[in-house]
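For reference, the structures are reproduced in the following blocks.
Each of the two complexes below includes subunit A, the first together with subunit B, the second together with subunit C.
Our next item is the complex of A and B:
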């Protein structure tokens, strides 16, 4: 990967995909296909955000749920307690999450590999337990977002899911833009250098702490945005639904499966994982046999054994061969 | 009521197919009313979810078939107000996650065109699912989630049949007062112990509120995480505070752990009043005789049949159909389909506003429910069933026995709690 230059083919494929995605809500009926795609976009965005710190800078965070939850809680708390518009809450959540990331990032910025992962889990668990007991923000009861009139201004829609769909698609495109800007900028090269050789990068004069911090904060900001979206979409949140470890793991899974360290990898990962988990649940879950979980688990195992570089790596290999 | 067993036997299950009411069946077959049932059918809570599912399945069978039972719509086939239309359940699995509660409620409404929703056992999932039904303007009848907050949100389409944790907490204090008045057992101090998720912390809050209202002194107020692997420090604090009565809100694994630790460390209050975990089907098999004399809140117990024959008839049908005893979870979920179908029948329509109107006018008498209630009527503001109350059961000889309200009791309450050392 060098400085990004788009081939004609890439541009036309992207344009075609975008047009198809824009038309999707007009083509489907019922809420489920829309919900499915919204979940795909949401987790793709979370994966892309993780990728900025995990995939490029080598900081394997298993604590993204903390930023996700902080985003969701900040906007929801501001809305329920002070009637602050959720769009302002969205930015506030991003800022709070970025600050929290900085706070945790400073002591952890020299931790490598496993140690960073462990610290990130500990951080997320501390946040979860704290939120679970924090009476001001509803503690374990969580926050119920009051039903308001549907409008873009209120960030709330009842009659159709299409607005949520387009907003989430917009967020995803934004995060892809940020990610691709990070990777092609000077910072992206520094991050990759740090990932390949922490000490070598330091010796070469790269301010390791500064760039790692920047990556964590950008990642946290985007993750928190997704959190606010989640809160406005579901209209209820408690620590169990936004701050738990399985969410962090799912985010890593999406990115790793699709291909960590490539811009589009997490999108592919989400586009594969989410439909499998949702469709198997809908088609098989009601029987209560747990078969859906078995299929889901088996697929993840197959992909990780046969395509450890992720699906995106596999697609690129095919692409290269064709040329 | 002697011929009831025989008749029930005749009409039960397969006999239906041979029913002479061919005409009405043919008519009914033409029309099906779908309702959505949202439950955790896979994942950590799958066994509980499947228990609820059995309760709903039996209810729907009774509504659709002809049974000589004193339950709403039991004696007629299908929904009489809609020409005997049959009730069909569309099952939806939440995996126990709140976001799936919303997605599944929306899916069954928009894709399967259900006219009402029931479920979802966990209060947090019921919250998101009922936000979804509110958005899509579809009635939701819940008879198995117990968070008080559910009916405090001012939702228009949400109704709750079963008691909530505030009512259960209140029951404990009414019991303590009854104990004092009728059995001359004075209680002065309380220890309040609760796990710290939505359920436990709500119960803790309610108990502290009632303790003040009823004039008891709280000498210990302890919350803990329900996945703790060691609770010696919590029990140590309780022993030090030495309350007359312990109030404990727990899930199952922590209930087992605490019981063992109580015994090991010799915590001997005069009584233990508990919730939830202590009545899950897995509790007694794990703890056996050490569970004796603990008192648990409940909405249902099989021994209610002594005072209320309907309970025995339904429990028999349940056992015949599924081969196991009807549990509290199954019994709670059992009621929602009746309430919804009965309202649809009176509304003579599947239109949401008409059903909501009928639900608001619901007045099911106490002899048509399988719990010791005065009936089902919804509060006009909160839409909570105003007659819903709990009962207290005590574990005696490793069986749950109804001991309060004293007038519905199957056996006398054993009080005070016998010290661990004095037991075999």
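Our next item is the complex of A and C:
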């Protein structure tokens, strides 16, 4: 459809899902179910952000951990060194990540497909190694977020995970809003044209470099927001926890499994993958490290062979048949 | 005194390594004209298109559009100025519907989704593709894909439309339809430059024909004169068929 209109059913289903999600913290006991959902939301947001550049514009970034880490480090460094409020740090992290994205985006502006993916891995590894040796921000020892009173203002909660849950849910909804705005606006159409090919885009008068840069910067900003959240949630960060390649890979998997190039795809992907990874990690501990990756790998192979549009594409196909 | 030509190509030369693809080619196109560029395969027609539309700027020479030098402008800037084009190998956005493809073109002059949607519907009706608007672009026949590509170009609201072999591969009925479409495009005030091998279309549509061979312009004139020209016959059929006497 050219113009997006929401059907009554879509609206009522979304409303019902939102109510259920809002009630979830009241219904579950213990911290693990809360942690699990927070991680699902977190990676759903990271997948949605990746989707703007990867799914729509075809820029397959395997370096999202760099933006995630830059967001986490910016707010945490500002907080530990200058007592800057983490909410301000959150915005600062987004801006720094977007600037870093622009910096890397300029030389990569003509790279496509595999070449862009390789460049993005190189960029993220450079950031990781640099941070690992950068004394000012704690180098390999990392940064510990100083304890503060629990409050929304301080972005810190000790007695319950519920506030983190609601904040992350809010962030996810925000990123979904940004993504669906992109999808229906001129920018979304232009990104999809760019994904098809630079020639077909240029011939329609599209400034390819400008729109690619915009997509990378928006994606980086949202990814960095998630990074700040993660730092405030875990209260400790080092390069190994936020800047490593497996994080970047997981972000891509979430989006690809759920459905690249659709607004809701990454949410579905996160809802399938994160429970697998968190449960195998908790139940099997170190013995299980890698098992989640084996399960992912199998899923990804099945998806790419039988359902390249992802789970979301599969669900839509079923929906269309029913009608 | 006549007005300045809409398109003024002056001494365009394009080299690919040792190959001279366009050698000092000059011609003009006036507003409202249909000009065909013909020539054997490999003569440099598509290269000339690429030089004019900014996809592959020339090594020497100038391209003026409405009196303005656009030789070094990027392809998307040239499109914004009002020159649209199609490709020899049809280029559509494969994961979009017909309507979405045309909307992408319409977004050049309409920022809002609703306005682009309206413009796209209008163009699709004009091009006879309205019934297929919700079909996937990939599901179209060659003919419909060519119409779609022309529609995408028209949606950018050009003053000059450059078509690279829009008739190739069409059956006689489809050919009539395409000729009719291009006539209506011209009637709407759009100037056309077409590269074409299908002589039936060239003879019917063109006000003027430019013949290119081995990168050089060899002849220019009204279609009926050009096809009788010995140089043109020689270019297409070789020395054996050179007109004697």
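Following the convention adopted for this analysis, the second predicted complex is superposed on the first by the 298 of 323 C-alpha atoms of A that agree within 3 Å, B and C clash if a C-alpha of one lies under 4 Å from a C-alpha of the other, contacts with A are read in each partner's own complex, and residues count from 1 in each chain.
Convention: contacts are C-beta pairs under 8 Å (C-beta built on N, C-alpha and C of every residue); 3 or more make two chains touch, one makes a residue touch a chain.
Since we're looking at a predicted model, the values are computed, not measured.
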- prompt: So which one touches more of the residues on subunit A, subunit B or subunit C?
  reply: B
- request: Mind working out whether A:105 is in touch with subunit B, subunit C, both or neither, as first, second, both or neither?
  value: neither
- request: Name the contact category of A:142: first (subunit B only), second (subunit C only), both, or neither.
  value: first
Message: Output check: A:30 vs subunit B and subunit C. Expected answer is one of first, second, both, neither. What do you get?
response: first
Task: In the overlay, answer first, second, both or neither for which of subunit B and subunit C A:202 touches.
output: second
Message: According to the stated criteria, A:184 is in contact with first (subunit B), second (subunit C), both, or neither; which is it?
response: second
- request: May I ask you to decide whether A:266 touches subunit B, subunit C, both, or neither, giving the answer as first, second, both or neither?
  value: neither
- prompt: What residues on subunit A does subunit C touch that subunit B touches too?
  reply: none
- prompt: How about subunit B: which of its residues touch subunit A in the complex?
  reply: 41-43, 46, 49-50, 53, 91-93, 95, 97-100, 102-104, 106-107, 109-111, 124, 127-128, 131, 134-136, 147, 149, 153, 196-202, 223, 225
- request: Going by the contact rule at the top, pick out the subunit A residues touching subunit C in the complex.
  value: 1-4, 184-186, 189-190, 192-193, 195-197, 199-208, 261
Field: Residue ranges of subunit C in contact with subunit A within the complex
entry: 53-55, 74-76, 79-80, 84-87, 91-97, 99-100, 103-105, 107-108, 111, 113-114, 116-117, 120, 134, 152-153, 156
Query: Inside the complex, what are the residues of subunit A that reach subunit B?
result: 29-32, 35, 129, 132-133, 139-142, 144, 147, 158, 230, 234-238, 240-241, 278, 281-282, 285-290, 292-293
